[in-house]
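Once you scroll down, you'll see the structures, which are given as structure tokens.
Below, chain A partners chain B and then partners chain C, in two separate complexes.
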Partner chain A sequence: MKPKFLPQFGRYAVAVTAAVVSFFPILWIAMIALKERTDAFAIPPVWFFNPVWEHFAKAWTTSGFSGAFLNSVLVCAIGNVLAFAIGIPAAYLLNQRRTPGRKAILVWLLISYMLPEFLFVIPVYVLYQAIGLYDTVIGLALVYQIFTLPFTIWLVRAFFADVPAALAEAARLEGATTAQIIWKIYVPIAAPGLAATAILNAIKMWNELAIALALTFDRAQTVTLAVAGFRGYASIDWGAMAAASIIVILPMAFFAILAQRHIVQGLSLGSVK
Partner chain B sequence: MATVSLRDIDISYGATTVVKSLNMEIAEGEFTVLVGPSGCGKSTILRLIAGLEARSAGEVFIDGANVSDADPAARNVAMVFQNYALYPNMTVAENIAFGMKIRKTDPAKIDSAVREVARMVGLTDHLAKRPGKLSGGQRQRVALARAIVRHPKVFLFDEPLSNLDAEFRASIRLELRQLHKSLGSTMIYVTHDQVEAMTMGDRIAVLAPIAVAGSHNLMQFDTPDTIYRKPANLFVARFIGSPKMNTFEVDTTAGGLKVAGREVPFAAALPPRVVVGIRPEHIEVGEAAGPSLSAKVRVTENLGHEYLVFTDTALGPITLRVSDRHDCPRDGQDLTLGLPLARLHVFDAATGERIEPDSAR
Partner chain C sequence: MQRKAFSPYWLLVPALTVLALNTFYPVIYSVCLAFTDWNWGKTSNFVGVKNFISVLTKPQYRGAFLNTLVFATSAVVIETMLGLGLALAINGITRGAGLIRTILLLPLMVSGIAVSLVWKVLLDPTQGVINYFLSLVGIQGPAWLGTVPTAMPSIVMIDTWWQTAFTFIILSSALKGLPAEPFEAARLEGASAWQTFRHITLPMLKPVLITVIIFRTVDTLKVFDIIFGTTGGGPMRATEVVQTLAYQTAFKFHRFGESAAISVVFSVIILGLCLAYLRLDTEEGDAS
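So, the complex of A and B:
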């Protein structure tokens, strides 16, 4: 028993340290959001206090914030729908040995996944100004779809690869078309994996700042911009900004916890295979 | 019901040839078994007939129509896969109905067809379950039902029993035979189990890997009886039968074979060296109407209804089966083995081809 104890203890120590380090900033922000303004920056820090909720109410009613929240929801949803509409068939075909140019496309996907996303922003900005997509939810969702697509294809491909090829063959013998094989067999079987992919995509789009900053101005502003907006010209409303940050973190944290098992499985694909 | 013809089929993957010069004519309603060691191309041939595998040369005919380039769906063949390939996201009923739904069959018709087939294979109580909740044998039945419901021209089976335990296999084997009788369909069945091959096939196609056989895979295509009694070559002789046929290489003389120092008359044009074969069940303890040799028992195995006796002789190790009506020979005992002349198989040592005595021609 004894020799086992130390390594086990060590593992827990590392895990707990990592958790504390990554949760501390969130905890700190939550505390700022819940404290009176006078307590927020007191030194030494005030650890025990009566929580106040006024910052949350203020953040939510601040002009533009709830609208930005809705914009972000729409952008994540539309971006995901577009990414999956292209990513699912692409992933299926890239798994078929018969598909021509398959290797080259896979390498290209990996390269484009590694390119900095901000790279397309300047030409797209010019283009969007010209065709009227600047500062629109659709315009932003289109760009997000482009930068989530390689990742989507890569993950969905790994989930599809787990579906036995004999299923597709059996369906083909029964007269199913490739589209029917994808939507009636592969998608339902890989559904948990697809859901995990969608959540990872959503987190990425939800938290994106640079592209949103470049391609939106006001109407299509997203939550990350809205949070930054609490930094006024003269002063920063720390309480409302912290409360807004917490509001922004919550939905994605909720999804992440919900789909945790599938996300871990999804992320460890590729490495295990 | 349909005939199936394979004409001059070649299949290669890159530089590796898997199937070469394959010719087979399968009659309407015939139960054909493809048997051979692992890697000899059995699954590949089955998939070729289904349209799932591309060929390098040759043509495939179903019912006289050239389907070589036809889509799998257009061939109207049903395949039962080794791992069943059931759709895990659908219930048993949905699995059976999938093809009909794709073809937009009237829902009332689908329902009655599913029920009828489920009754045939004994799945009526399981229609609402997912495949994951079924036993191996039940999954097997779902796969079967999915094939039957389509009324295909040809049924293709790829080692459908290999995932089942031995007892269950024997009973499903019987059911499949009965199914074949009642449907009267053409069925092609792949196995590497020679008991399955012998018991199920109207005809058996014995296949060898190209690496072993050289110019073509099909070693013999005939009834189980002929395959057993008159194996066309050494490969078939050694592959069918358990324990394996005893074989030993001997010289020939002008009028026959030289076996254990004795001349055995054999009226045929013989090459200088031949391989003589005799099945373990045909060797007699004591003298027989043919050559005899002395043997020393190395070890015996008691199978209850018979003994397997492994001996060493001047011709090498020889295995024989002794019925339990005799006493089991003791280890180390000296025996005289009689090799009945009528039971000897003779093969050309150079080519491995069977040589028939002139009288039998």
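So, the complex of A and C:
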């Protein structure tokens, strides 16, 4: 029996209040995106209305927006492929306690994850200008490894720790190579954890602003920057801006609903282990 | 021999290479840059510690560091306490817990820039729905993001809405993982809810709490998106923080040397905090 700090009714009151506070701002923007221009900011607010979709159409066809959306999808995909290709073998090795320098490498990962963006953005900016990676999707996916790779290694290592070592020992005795052990035993067993890691990586890269702001201009602009662009217009089109915000929120909200349990597990594991 | 076969070190080579390229090159470059007056022109002169003196003495720069500290401290304290409170309250719920958790998770999925736009609309002094709600109970709402006294508290509030889910989720998982026996013993001895919390729950949660606090501290110190997206550092620099300052100094005024000095000083502060955290963590006894 855990202690009861609140009666059951109180718990539900807190839960419902928290849910309303969390959800209302998003709901409100969704409503503005679906309202006629005249209703959007009416005081008192218009609560019931016939939804119109023209703001979404306008946001999507705004110059560069759909291209930026595609760029973000590509950055998330490439960034994740890189992080897993490089991170899974490293995580396997760092999961084994006898690996020399294990602790130092883990601390190094943590430091890399915690560096402030503008410390590394200027040198990378200069380098990218020189070698032609400035304003490219690949360049962005590469520089995102500064936080994606440590996070992936850290988390995958924690998921690998739950794989029974006896399985690997048995496979080893039957002559399996390290690569086979990783791909045939560890990866399948830890698959839900890997999926959670990929989703958390995607959320971070999808939402990233500071680095994208400095390292892209036009061709590789991400969807976050495209949304930011709506602030800059002389007369702000609030309907289109609200619609653009909803478009950028939707894919990640979809992930949150789809994989809530795994995301929660991934986040907790990353902090507890 | 056997041992060697078990640790194929080359598996680490790609990761260490990328990590080295991504950390050593930029860090060394930035440190060198911080001692120059480079402004994206052809020449770049060594100026000694001039930039560092500017960082430490210019009122504008000191103001940004101070604002960052104020923001991080308030946001971390509020988010940790709120997240812990929510975790304690909601963990006992049986029905609809999954749905509640999913809804609470939503703000965390939203990009900082979308968060900014959402709250700019909500907090608009004349057309915003927050001030409309306040007017219903007879309160004249302020221009939240537009006046010096309310701007920073508004940013803290926005961050609280955005990030409390993080502290809530982790503390809630940690609470679920606590063993039941100590609570049972406390109940048998007739401990009050507060005593149980103070002497059993809190000490057992301490390692996770430290982790949560350090993650939130680093994250809030590095705050950029929600300030860039709402106030841009205004009004009258009331919300200017280190990262917006470093960004503007480099990419608006092209004083790359000074910007690098700002980031170097800032990194040293963050690194110091991380090391302090690692010490705290190992003092706990079992370093995993």
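Rule of thumb we're sticking to: the second predicted complex is superposed on the first by the 259 of 273 C-alpha atoms of A that agree within 3 Å, B and C clash if a C-alpha of one lies under 4 Å from a C-alpha of the other, contacts with A are read in each partner's own complex, and residues count from 1 in each chain.
Everything below uses one rule, namely that a residue touches a chain if its C-beta (ideal position, glycine included) is under 8 Å from a C-beta of that chain, and two chains touch if they have at least 3 such contacts.
Because the structure is predicted, anything quoted here is derived from the model rather than measured.
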After the superposition on A, what does A:Ile43 contact: first (chain B), second (chain C), both or neither? second
Which of the two partners, first being chain B and second being chain C, lies in contact with A:Gln180: first, second, both, or neither? first
Counting only touches as set out at the top, which of chain B and chain C does A:Pro51 meet: first, second, both, neither? neither
Would you mind checking which one, chain B or chain C, touches more residues on chain A? C
Is A:Ala171 in contact with chain B, with chain C, with both, or with neither (first, second, both, neither)? first
Applying the document's definition of touch, where does A:Ser22 land relative to chain B and chain C: first, second, both, or neither? second
Kindly classify A:Pro188 by the partners it touches after superposition: chain B alone (first), chain C alone (second), both, or neither? first
Considering only touches as defined above, state whether A:Thr99 meets chain B (first), chain C (second), both or neither. second
Residues of chain A touching chain C in the complex: 1-6, 8, 10-12, 14-16, 18-19, 21-23, 25-26, 28-29, 32, 41, 43-45, 85-87, 89-90, 92-94, 96, 98-100, 105, 107-112, 114-124, 126-127, 143, 145-146, 149-150, 153, 178, 203, 206-207, 209-210, 213-214, 224-225, 227-228, 230-231, 238, 241-242, 245, 248-249, 252-253, 255-257, 260-261, 263-265, 267-268, 271-273
How about chain C: which of its residues touch chain A in the complex? 3, 6-9, 11-12, 14-16, 18-19, 22-23, 25-27, 29-30, 33, 85-86, 88-93, 96, 98, 100-114, 117-119, 121-122, 124, 127, 129, 132, 161, 165-166, 169-170, 173-174, 177-178, 180, 183-184, 186-187, 191, 193, 196-197, 208, 211-212, 215, 218, 221-222, 224-225, 228-229, 242-243, 246-247, 250-251, 256, 259-260, 262-264, 266-267, 270-271, 274, 278, 288
Going by the contact rule at the top, pick out the chain A residues touching chain B in the complex. 164, 166-167, 169-176, 180, 184-185, 188-189
Which residues of chain B touch chain A once you look at their complex with the stated criterion? 47, 50-52, 72-73, 77-79, 81, 83, 85, 87-89, 98-99, 102-103, 146, 150
